[in-house]
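Here the chain labels run A, B and C in written order, and each chain numbers its own residues starting at 1.
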Amino acid sequence: MAAVRLDHLSCGFTGGTLAVDDVSFELAAGEFFCLLGPSGSGKSTLLRLIGGYLPPNSGRVFIHDRDVTHVPPEKRNAGMVFQNYALFPHLNALDNVAFGLRVKGVAKKEREAKANEMLDWVGLTPDERRRRPAQLSGGQQQRVALARALAFDPSLLMLDEPFANLDRSLRERLREEMGDVQRRAGITAILVTHDRDEALALGDRIAVMNHGKLLQIGTPEQVYREPQSTTVATFLGHRNVLDVAAAKPCGLDRSALLWPEKLRLHRDGHLPAVVRRIVYAGSHRVNTVQLDSGLELEVHTAHDALHQIGERVGLEIPPDAITPIGL
Amino acid sequence: MKKSSRAWCWAAPSVLLLVSLLLWPMIYLVRLSLNEGGSKSGFGIGGSFYKPGTWTLEVYRTLATEHYFWQVTWFTVWLGFFVAAMCVLLGYPVAHYLWQLPRRWKPLALACVIIPKLSNLLVTIYGLKMILGDHGPVNETLMTLGIIKEPLALQHSVTGVVIGKTLLVLPYTILLIWAGLERLDRTLISAARGLGATGWQTFSRVTLPLSLPALAAGALISLIWALGAFISPYLLGSPEQITLAVDVQRQMFENLHWPRAAGEGVAMLLTLALIAGAGALLRPKSHVLPR
Amino acid sequence: MNLRKLPLHTLCLLVLAALMWPIVYAMWMSFTPGEMLMPPKGAWSLRWYATFFARSEWTDSLNHSFIVGALSTAISLVCGTSAAVAVTRYQFRGRQLLQSAVMLPLFVPALVLALALLPVMRMIGLWGDFLSVALAHSLWGLPLVFLAVRGALEDMDPNLELAARGLGANGGQTFFSVTLPVIMPAMGVGGLLAFIISFNELVMALFLCTPDIDTLPKVIWPNLRYTLSPLVAAASGVAVVTTVLLLGGAWLFFTSRRKTSGR
């Protein structure tokens, strides 16, 4: 049974271009799914379509095989963590978490017990639970938002850039905790992010989006090792992404990805090049070399291979350094 | 479809209030001005203030040819512009002063502006009547100092009306201009000073042009409020210098000629509409970027 | 302080003082122990306040002012809040028109409004009822509440309502348990202003009040024309003190709230 199924979903605002353009995929129950894309790629819109906060132009949304395309958000039973957390400013942390149970009509004692249990999970002290959102730090607010989204036993957890407003070290710690909480709850989760490290670290599967279209879907390893388009490859942070025109002078007949750690530099090699920049990167050196065609490539070398800036070298591209794009 | 009908459900109470208490009364006012006047006797018996069901332009014919009406109108307009000018001249420096005041003093200074605005206007007039009276502190002081021998006629004169009306309208002018200044980005002022502009240059080249829209809005609102002057001319003016508003009240309750009162009310509204329209056309462009 | 700016600063302080002076002077007069309208020399006295509260014409008018103010505030709150919700939450034909129409009464002189309302109130049979004056005053309360609440709704995070819906609250629950509490302070400010305006309003009361429902300003009014007794000063004092107490109370409430909510 699919936890979520999207069937040719499209949504557009005024102006003609579609924010979400004919997207279809399926999520297995218990899966942690990441929607990765640059800002404006339509990933947040897609999340809002799944949550029912926006009506689609066409297509259908299924949650646990129930057609919820025209069901309002309060009847979809999906918890959402907003980018700015959207905590109710007039309620303290505990009441925020208990809100979902309160509107369901759960008795005060019972709902506070449940809310406290959730806040135990995310690690908020009893003192902090009595505070209003404005008196909590960004990290604490994020934990409250997560607890609130889980407290009413949703069948789906949706996370819209939940770490975007946090500083780097806190973001990495909370990211790990988030993964733990999701696994413990055994809940299906969809995370929207523009941070590829976040998607690679958390996702069981990743979907890469751009301009409203789904470009590729797969496990982190598949998406990273075998990108199906130059856009996906570039977005995942690969440096040596060659389109067809750039690949030709390297003796390739299709667009390809070159792995910098497998390329080699020689005194005289197959492809003449000039070293333009050298950056020390701890375990290795990153050399940027320019081919005669003008193309710049990154090549990782060991510390004992000392090249000079401006030095003419020969570039060797072994077959195992090449991953063709768009099979 | 469903959404817009829900929007109208939300709008319904205010629409109902505005239609029944603003639109309808205004239409009815025009209709009333086209009635024949009733008999002057029999106060309290419904319908004797005008003859229902009649149609006549008599009121407007009278007003157009009557010297008294034009005199009153002319005085009203003159007073309106004079008071508005006073309000802007006094209000802008005060608003600018409030804007620059340190945070600690701001609440106190603002209270000085807001409390008279929100308090009973009659209290202000009452205090003024005592202050401006023949034996009030102003005349007493001036006489003690030997500057004047006879008390100045500060009450029951144009001077009294202007002082009273200016004090009643000034809080609005100050608050409007101050609100406009508060919207300015203060870093612009620092930037101008940092680029070497003197205090005066900063004011005349940066602050003043940027606050011009607020200044214009303040002037227009002052004018509109000053044109409706009723309380201060009534209580501080002399019988010769009455405004349209005072005359409307007289026609309504003393002369019992409702159609004429309505006609004068329509004349007031037309004057206001004319001035507001001209003001809207001449409005300076806002330089403040939308936030 | 800059010496060259001294004349300007003096002028500003003088204007601010001039705005407050009449009120302060009237208050000062109200404490005179004598029959004459003279500032109290030596001992201050509350005798005129005692007289004020001993005479039913004055206490009745004070009660009437509170009744009219409360009614007008309630009407303004309902109409102003709902209008603000309509224009901030929905796009519909006539939205711009509604926004302008709500503000319009502020730009029409009180006298014209009063003049136009009197025949209409007589026609619909509300003349002589508290509701007639309260409704008339709501024309000014409505834009004040509207402005305050519209500001609060525009500042409100739109995700709050979405979050409530996602947590299982339907439209009504969302409005009453999220939107309303969030805009409540703004409604408080708007309602307070509406009450104070109504409490002190004279011109519409002058036209619409019958002797049975005379408000405080309406009773002060004839006394100002003919007799300037210290009793009127005491009546003015009551009006000013009520206004200042309401404003001060609201100010204290909001500053203490801001401290506890940590913003």
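Going forward, a contact is a pair of C-beta atoms (placed from the backbone, for glycine too) under 8 Å apart; a residue touches a chain by one contact, two chains touch by 3 or more.
This structure is a prediction, so every number in the text was calculated from the model and none was measured.
Asks: Touching both subunit A and subunit C, which chains are there?
Replies: Touches both subunit A and subunit C: nothing.
Asks: Which chain is most remote from subunit B in terms of Cα centres?
Replies: It is A.
Asks: By CA centroids, point me to the most central chain in this structure.
Replies: Chain nearest the overall C-alpha centroid, as shown: C.
Asks: What whole-number Å value describes the gap between the mean CA coordinates of subunit A and subunit C?
Replies: A distance of 53 Å separates the two centres.
Asks: Which whole number of Å gives the spacing of the CA centres of subunit B and subunit C?
Replies: The answer is 18 Å.
Asks: Indicate the whole-number Å distance between the mean C-alpha point of subunit A and the mean C-alpha point of subunit B.
Replies: For subunit A versus subunit B, the centre distance works out to 60 Å.
Asks: Residues of subunit A that contact two or more other chains, please.
Replies: Within subunit A, no residue contacts more than one other chain.
Asks: Where on subunit A is subunit C touching in the complex?
Replies: 51-53, 72-80, 82, 84, 86, 88-90, 99-100, 102-104, 132, 134-135, 148-149, 152
Asks: Along subunit C, where are the residues that touch subunit B in the complex?
Replies: Those in contact with subunit B are residues 2, 8-9, 11-12, 15-26, 29, 37, 75, 78-80, 82-83, 85-87, 89-95, 98, 101-102, 104-105, 107-113, 115-120, 122-123, 135-136, 138-139, 142, 146, 193, 196-197, 200, 202-203, 206-207, 216-217, 220-221, 224-225, 228, 232-233, 236, 239-240, 243-244, 247, 251.
Asks: Applying the document's contact rule, which stretches of subunit B touch subunit C when the two form their complex?
Replies: 3-4, 6-8, 10-15, 17-18, 20-22, 24-26, 28-29, 32, 46, 90, 93-94, 97, 107, 109, 111-116, 118-131, 137, 167, 170-171, 199, 221, 224-225, 227-228, 230-231, 234-235, 245, 248-249, 252, 258, 261-262, 265, 268-269, 272, 276
Asks: For subunit C, which residues count as touching subunit A in their complex?
Replies: 157, 159-160, 162-170, 173, 177-178, 181-182, 184, 261-263
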